[in-house]
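Reading through the structure tokens given below for one structure.
A, B and C are the chain letters, set down in written order, and residue numbers restart from 1 in every chain.
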Amino acid sequence: MDKPKVGLYSLTSCSGDILETTNIEEDLLTVLKWIKVVDMNVAMPSTGETPDIAFVEGAVTKDEEIGFLRDLRKSVKYLIPIGTCACTGGIIARGPEERREWLSDVYKEAGEDIALRFPRPVREFIAIDFSIPGCPIDKNYFLHCLGYLLKGVLPEVPNYPVCMECKMKENECLLHYRRLPCMGPVTRGGCGARQPSFGRPCDGCFGIYDDANVEALKAILKDIGLNNDEIQKRFDLFLERGCT
Amino acid sequence: MIFLTLEKKKLSEFLDALSREFRLVVPEKKGEKTYTFSHYSSFNKVALEFLRTILPPKKFFFLPKESLFNIGNDFNINSCSIDNADYILFGLHPCDLHGIDILDRAFSYKGRDSFYWQRREKIGIIGFSCLPDKYCLCKSMRTDFIESVYDIFLYTLDNVYMVTVRTALGDDMVRLKPELFKECTEMDIAEYKERIKIRDSKFIRIIDITNLAELLTLEYKSEIWEEYSKKCLFCGSCVMVCPTCQCFDVYDSTDMISEYSIRWRRWDTCMRKDYALVAGGHNFREGRAERFRFRYLHKEIGFGDEHGKPSCTGCGRCSETCPAGIDMTEVVRRIRE
Amino acid sequence: MSIIPEIATVIEKRSLDKTHSLFRIVFDSEKKRDSFTFRPGQFIILSIFGVGEAPISITSSPDEKGFIDLCVRKIGRLTTALHELEENSKVGIRGPYGNGYPVENMEGGNLLIVAGGLGIAPLRSMLRYALWHRDKFKQVSIAYGAKDVESVLFRGEMYSIAERKDIKCLLSVDRVEEGTLWKGHHVGRVTDLLDMIDMPLKDTSVAVCGPPIFYKFVLRKLLDLGYSKGRIYMSLERRMECGLGKCGHCVVGHKYTCIEGPIFTYWDAINLPEIF
């Protein structure tokens, strides 16, 4: 059997997710035994072949990206956004929708010609098969998902909150014992409670857990001393806009 | 059953001796306010003052996540070998001993779970006495004493521990350092009885569990379930930390490196939305209030139906751990009102 | 009973309609092949390694030795992967699980089978058992309904059973699309068939299986007709992970569907908290 062909594509993003996939380091060679990378625009030129599985990082901010996605969708079996920007809009979808001023601040006159849309997740433009969130993605979770795709099935969505993984690791709860604004209870698991395991509250980069009790967490955040504005910021970072 | 005493200051010698023969597990500090059962390194790290660990001792024989087998392209099933499970768990309070008793029953109900028992059977247990805090409900749950499960039990007196040796394994442990142990005197026995009375008077919270099963059934439609389900995060923490929760998920993954497919099981919780979801989208317990209620029903009635007692040991972990401050005592009290 | 499956081979795969196929499965180990026995109404848990597991009723009869047949609807991850397997692929099988129908109690009396859609899967095992041991039952009848002709599973088999004199087999579909041939008996509800089947109330066991909405109407009809709640057997579907009474997922009220069920009498079922 031919090795499945894999393409990794970047839309508007920091390229952190694809870089993370190259961080597989020592295991990379073994992974390449299974797949053929035909395109990876941050690390190599395209081989010109059409991939079976396309991973797309970054949010959509330009019209040509939409066209690119539509064409890609037609040619691949699985199309999977990776990283929070591609899955939910991510960090770049924070802040005001009107960004003219920012552009001219940064790029001066050249900014006037840049046609930028407000960053939106991939799934708003085309059908996706699955998503691998994370800012950046977790390479072990990426490999875990790839394992299923090679068997010809989609991974199961880890439909449980970060807290469950956090407790399985027996971490002292930051929200409860240290009164830190941890977003674990409303965040989809899969990362293995990456941040709380290092004593840092979860920021929610895997996106909202689909049974998240947002109001209940807001009440707790208030209780530990955050004001409404601070609470909103915690949710805006990754969780609320476009993904609840 | 043999009753002995061990001088308090000799405990370190006893644990050192045990740790040379067995894989000794003791309570240690985990964070600022929490404890964990972990591998013995030195006596000064043993946190004798602890009341409850974050995770209960079940993590040593019902693992948070374990592989059941793996299978390669040759379709030979390789069962995952279970070795290094010959732990001695030191410092289990009566609630945790009851927790093990309940899990033992659950994992033997209509057939033994071999993965559980392969580990569980190898484990030796040293019980340890305690004084309750505001979360402890063992007296109410009738789990404040136990005469089974442990191999030896250490009861703290003024200068000595009263040591109850219940099994041959316990006897083996004691005989590693026989010179440390003395006969129990009448004075020790008198002091022991006195201590029991004192402990009994120290319980801060008492709930009445008589006919609780009946009351919960009567209050099946009570609006308090709805009320609590607004406050609850459905984060599952209360279930992960519960010494008697037995639920798990079974799933596969393929390891890209070894090319093996691995079958796993991992702790799960009935609080989770997809817990009772079936293909085609029907969910037998979709509503949050239903799920919140189900945990109580399962703890207080479900287990009792078969085994004649609730499966809550009153260890207080769920109440202490809950980030939303939901306290089992309060829920039960409100059901009774 | 172990949570570790036995390796087996899909020796035959037959498409029944767009979303259902019949899989004939043989254990690789000869010993297992000979020793594997089950009761009608029991199920196995099927694995595709690397994908996962799913509980599936055995649809063949215990009298058919050497293989088991599974009738599976393509609906999610595992069942889709199963449909994509080629013949001679390896799968894992563990079980049989569940209580199955209480055939000893049913024998000697009349048997009425009422199936809706895929509900035929466990009932076909019961039906084939009754046909095999026809002398052990008095009257045997089956009422089977599906949404359209194409969705009548085991259509050919049902047509030929309908021709037998020693069993009453009535088939109905909700509608007949133009241009399709319907050799069944009725267009309408499966409950209508129950009026056409004249089974005595005394000594009759009724085995029912179908989707939730089907249960709703059929159970009401059976009660109206006067059948005893204690002799109506339903097969409950619940999420299952272990099949061994350990993982908790299948609990209804306080009962494990995987061991105390999936077959419950209507009376026992309505006395389970949380049932409806």
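The working rule: a contact is a pair of C-beta atoms (placed from the backbone, for glycine too) under 8 Å apart; a residue touches a chain by one contact, two chains touch by 3 or more.
Keep in mind that what you see is a predicted model, and the values were worked out from it rather than measured.
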| item | value |
| --- | --- |
| Minimal step count in the chain contact network, chain B to chain C | 1 |
| Identity of the most central chain, Cα criterion | B |
| Of A-C and A-B, pair with higher C-beta contact tally | A-B |
| Length of the line joining the C-alpha centres of chain B and chain C, rounded to whole Å | 40 |
| Separation of mean Cα positions, chain B and chain A [Å, integer] | 37 |
| Chain centre separation in whole Å, for chain C relative to chain A (CA means) | 43 |
| Multi-partner residues of chain C (each touching 2 or more other chains) | 50-52 |
| Per-residue overlap in chain B, given as positions that touch at least 2 other chains | 251, 253-254, 261, 268 |
| Where chain A touches two or more other chains, by residue | 147-148, 151, 156 |
| Complex interface listing, chain A residues touching chain B | 27, 30-31, 34, 143-144, 146-148, 150-151, 156, 159-161, 163-164, 167-173, 175-178, 184-186, 210-211, 213, 215-217, 219-220 |
| Contact footprint of chain B on chain C as seen in their complex | 1-5, 7, 28, 47, 49-54, 75-76, 79, 90, 92, 212, 237-239, 241-242, 244-249, 251-254, 259, 273-274 |
| Sites on chain B touched by chain C in the complex | 68-69, 71, 75, 77, 79, 106-107, 109-111, 113-115, 217, 220, 246-254, 261, 263, 265, 268, 270, 275-280, 282, 284-285, 290, 294, 297-298, 301-302, 305-306 |
| Complex contact set, residues of chain B against chain A | 30-34, 36, 54-55, 59, 64-65, 230-237, 240-241, 251, 253-257, 261, 266-269, 272-274, 288, 321-324 |
| Residue numbers on chain A that touch chain C, as the complex places them | 147-148, 151-154, 156 |
